[in-house]
Amino acid sequence: MFKKLIEKSFEKSPWLFHLNTGSCNGCDIEIVSVITPRYDAERMGFKLTGSPRHADIILVTGPITSQSRDRLIRTLAQVPDPKVVVSIGSCPRSTNVFNGSYSVEGPLDKYVPIDVSIAGCPPKPEAIIDGLAKAIEILREKRRAMK
Amino acid sequence: MKFPYLKEAIKSVFKKPSTEIYPIVNKEAPEGYRGKINYYPEKCVNCGMCIRVCAPGCITRTIEKTEEGDKITFNFYQGQCTFCSLCADFCPRGAIELTKNYHLAVTDEKDLLVSGTFIKKLPPKPPVQPQQQVQNQQNQGAAKTE
Amino acid sequence: MQHFPILSIVTLFLGAFLTVIFGSKNETVRKFIALVASSISLILVLMLIKPVMIKNNVIQYWLGNWRPIHDWAIGIGLEVDALGLFFGIIAVLTIFLSIIFSFKYTKKDSETDKYYVLFLMLSGAVLGLVFTGDLFNMFVMIEIMTFAAVGLTAFRNYQEGALEAAFKYLVLGSIGSSMVLAGTITIYSQVHTLNMAQISALLFNNLTPSALFAFALLLAGFSLKAFVVPFHPAAPDAYMSAPSSVSMAFSGMVNKAGVYAIIRLVYVLFHAMDFKSVQILLIIIGTITMFIGVTMALAQNDFKRLLAFHSISQIGYVITAVGVSTALGLTAGLYHALNHTLFKGLLFLTAGAIFYATGTTDLNKLGGLARKMPQTAAIFLIGAFSISGLPPFNGFVSKWLVYQATFQANLAPVTIIALLVSVMTLASFIKVAQSIFFGQMPKEFENVKEVPLSMRIPMWIMAILCVITGVLPNIVTKYLVSPAVTAALNIGKYIDLMMGNGYSEKILGKPIEIPAVDFTLAGYWDPIAWLVLFALLLIAVTIVAVAGGFNAVSLPTEVDDPKYDVFFSGEASEHSHVKGNDLFWGLKHDLRHYFGFMHDAHSGIINDYALWAIFTTTIFIVYIFLLVP
Amino acid sequence: MVVLKYLFNVLVFPGLLFSALVGLLLSGLDRKVVARMQKRIGPPIIQPIYDFFKLLGKETIVPRAASRRTFLYAPVIGLLALVTVTLFIPIYKYTAISTVADIIVILYLLTIPAVALIMGGAASGSPYAGVGISREMVAIISYELPLVIVLLTIGKHVGMALNKGVITFSLSQIVSYQAEFGPMITNWRLIPAALALLLIIPIKVGSLPFDIAEAEIEICEGPLVEYSGAPLAIFKLNHAIKMFIMTSLFVTLFLSGKGTGILILDIVLQVLLSAVIVVISISTLKAITARLKVEQVLKFFWTYPTALALISLILVWIGR
Amino acid sequence: MILVNYIACIILIVLGFYVILTKKNILKIIIGMGLIDYGINLLIISIGFNPGGTAPIFTFTELKPESFFVDPVPQALTLTSIVIGACVTAMALSLVIKIKEKYGTLDADKVRRLNG
């Protein structure tokens, strides 16, 4: 009965979960700035949640340091099903300048397929909003595929 | 029992919100913004300065021997780039330029790869002298120096 | 039908003696005797309901057929009116269920024949106390009750603190009993009779100083037996170390007997309820008991000690309601006494079940047992919700009556404290639920199994009773509580039947008017309609759920896939169970001075407890001498 | 026929559908007003409806350490109690269930959703939930005291006028009193009580300055940490309906009166007034203050609102 | 003359309370309890005393209208009270033995593991 409405609502209220795997916090400030009055992601329904169980889109920042590797894997597994992984900045994409360092465990796609990657070090808030818009489409496809 | 910001809160309800509605109003990046790389292969002289200077090492070069010279392709993998624009500054020929295009949100990795190829014609090869003449030239050279 | 009361008491005592003779050898004979004795007395008392409650005549029985000779009562008389029978039913019910529970519960203990002897003595004494019409007989029954209770507290002497608790209970108990004895004697010195009906007739509004002195002493003695706050320190130790089936009897019968004695003393014997000062005294005691009981319970981290403090605070409710001497107040008090026996008995049985299954009741060691013991968890939740007064259960109805009674008697602060106490009760039971049943399970309780069926039957019976008394309040009040209230308020009938009619007119000059027992409920709350609503809503929600396309609930498979681990910010969720005293940090931090003072006040030294007891008795005496006449 | 009326009441009018819709709209309005106060555009008013249906579509994960049945049934029980309360709250003389509704019944019915949240959190077996539970319980203890005093004051005030001095607990008598003597807010004795109730609404709903139980960042949504999919949707629905109930209770207790006589207009008036109360009490506080610490909540609620409520209680008591 | 009895009772009772309150040794507390009991027993007896009355033991033949007895009922009460006093002391002593065995001390300040 609500099938169509549930489909539509997946576009309208994607919830974000911010996962920092050792980033220099450049991208983290950008993510937060997306929610400030100037860029206001909330007008499109985005909301930062505290627990991975509530999230649809996971924003990963930072090159996966060895400490945060298995925590990353465990937290990503705990997100309920139609989920989208978005990598912010170049670190998760390709461990940026830290490539080859002893404590960096390689780019994110070694552990989980990246759906949307937003390049930039740090990416501009508008770029993040673009990325999130793309992520919403992927979310809807995944939701349709899941049904 | 003081209520901070109460006045501003109530006043701002009636003012226009200061949000830029980004997707509708496209926002121009500020001057000098280091965004997507533009590579002009024709200007490049394959000196390799950019490769040496790039910290994350995201610039790679492939050289391919062809009959009219070696076909050199430069790949700027922006997924690993820190947008420090050192490559642009050090490029003697100004072949690399970081534009103001900040739309770098991509779904597949290929879009982050900027590459350009050019064929570097070698200088006209001096006629090939037979082996014998080469040694004479070397002896004359040696004699001159003594 | 005349002989049922004495028969029910005697069968219990007979059961005790028979277990001594036959039971010491093998287990089944013992259990059989105990079961037969308690079920006979249960049937006898339940058969009394029809004549006493519905046709409300009073059964009187003169031991040895020593009828009063020309208006002077010599022999000991049993007098069962609706009030006595009300508490009798409570007692008999608790006895029957506790004995069934103890069959399996004391399997691990040795010398269980001594257990059954003492338990049957305790139950016989309580029934005797509730049915007797003679003041000295009441003292003897109280003495036997204390005796058996001390014996049972020390039953598991290997347990930490059992002996100490028994000794303290004995010392305080004997102080209380000597006060009761002194009170009885001072009354006897004035009226030269021990029969309660005759005493109340002779003492009717000619309260001489010695009668007042006796009233103060008796009030102190009985409130010590009911573990009212100034006298209460022996109770938590005794409830904690006694086996749970016994502490269920303690909180179900023993302090109810104390409350019955207070009601009998204040309403019937001295007819002291017209004096405003006595009402205020009872209300003050009740409120203090309520508040201190629950705040102490919040700070505990042993399950049974927490329950003990709760039964003290619920007794505070009953006494406050009884102190409000309107008809509604007494109804609220008696109804709450019945409910308290039901849900407190239930909770003590769950404590017993946990002790039986895991061997400890310490809140800091347990956790996550709901998955291993689902039925006990369900029963515990019913008990916890009914004690904290959530609507569908029985605690709500009686607490609502208490609030209304206290507020209609213009006692706003008491109502506010009562509501606050009920919220704190909810808080402490949430603490118990989280630290025992929910949260993560420590390793050593992996192979904990559900308690055997014979222990779960009494628990289920009590849970169902809890729900019934919660859902059908008007039936329970009409058949059980109102007759008891009329009996308490209308002492003329009590005297006439005992001493031959016309006696009260002759002595008192005019027949005692029977106050009308009617009360208008301030608000109206019909649980049946309410339950229909709940059912309708349940259907509604299920329809929405099914149609709404709830997708499948994905349950954890056996493979240790991290998806089903508890979210612990990514850490491998090792054992981190929020339990015991790390809950309510905010509250304890704010009230730390109060909690600190209360903790030191319960120092555990017997001399301090005795000092409290004697100090409060002197306050009672001084208060009553100054204010009552 | 009566069953049909009951069914209609339960399912549609003041029951599930109406209160859910209005609740969600009110919480949408609240988010919009808070955004506007921070000079942002803010989500559309119907955003909570989208949230609700999106959560319905998500997968529900039951963690291994959770006790399954309590975990899944807790939100439903909370919803049942809340919807039952909506039937009792009179909207300008129209009460869905014509029983003389009762303050103490409502008071206790409103604790059931909080207990359901606690039971759900406890059943999920996560340490964050454990901390969330103890904070939620401290919050309940702190706001119960002033709430009770306010309700008793109103009961006493109306009781003195209509019920020959004896306190009345019934809401319909309160509404009829206001029909005669005008809304309660105009009576100077009860203004402190109204202020106290305004301060209590945010913590009862669990909105920002006092949401110590569901602090997103500190303890990752407290009791709700393990919930996802349909149970979480129902908990968010409970949250919204509670907002509607508390504000319409405030309207009934302080702002009701004769009403316009036509049912539809009465309903619209009630919803509008509750929207105003939402904006005044919940949104402004959410926009301008930060979250309090745990013991600050207790200290705050046992001093300011309790003092206000006691003042009005004493005034009512003296001004016989 | 009767006054002396009552004074003796009061002294005994007050002495008993004094012992219970101040003495730290639990054995002495039991003795204090005993003292209170005997004080009250003496009180019971002295209440039932009619000056000049004989012991209330007679056979029907000896019962003459003018024979004057002491009140028999308090004496019966004293009997039970003494029995109860004895049993209480017996149980208390058995508990004290076990406490000494388990706690190793008789000092009330040390026997306080259950507090708070």
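All chains are identified by letter, namely A, B, C, D and E, in their written order; residue positions are counted from 1 within each chain.
We take it that contacts are C-beta pairs under 8 Å (C-beta built on N, C-alpha and C of every residue); 3 or more make two chains touch, one makes a residue touch a chain.
These numbers come from a predicted model, not from an experiment.
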item	value
Intersection of contact partners for chain D and chain E	C
For chain D, the least number of touch steps when starting out from chain B	1
Chain whose Cα centroid lies at the greatest distance from that of chain B	E
Pair of chains ranked first by number of touching C-beta pairs	C-D
Separation of mean Cα positions, chain C and chain A [Å, integer]	58
Whole-Å gap separating chain C and chain D, where each centre is the average of the chain's CA atoms	35
Whole-Å gap between the CA centroids of chain A and chain B	28
Touching two or more other chains - residue numbers and ranges from chain D	35, 38-42, 56-61, 128, 220, 225-226, 229
Overlap residues in chain E, where contacts from two or more other chains coincide	none
Chain B, residues touching no fewer than two other chains	17-19, 21
Complete list of chain pairs which touch one another	A-B, A-C, A-D, B-D, C-D, C-E
Complex contacts: residues of chain B adjacent to chain D	1, 3-6, 9-10, 12-13, 15, 17-19, 21
List of chain D residues in touch with chain C within their complex	6-7, 10-11, 15-16, 56-70, 72, 76, 79-81, 83-84, 87, 97, 99-105, 107-109, 111-112, 115, 118-119, 122-131, 133-135, 137-138, 140-141, 144-145, 148-149, 152, 155-156, 166-170, 212, 220, 225-226, 229-230, 293-295, 297-299, 313, 317
Residue ranges of chain A in contact with chain C within the complex	1-3, 6, 51-53, 68, 70-75, 77-78
Complex contacts: residues of chain E adjacent to chain C	13, 17, 20-24, 26, 29, 33, 36-37, 40, 43-44, 47, 71, 73-74, 77, 80-81, 84, 87-88, 91-92, 95-96, 98-99, 102-103, 108-109, 111-116
Chain D residues touching chain A - in the complex, by the definition given at the top	31, 35, 38-44, 47, 49-54, 56-61, 128, 215-217, 219-221, 224-229, 232
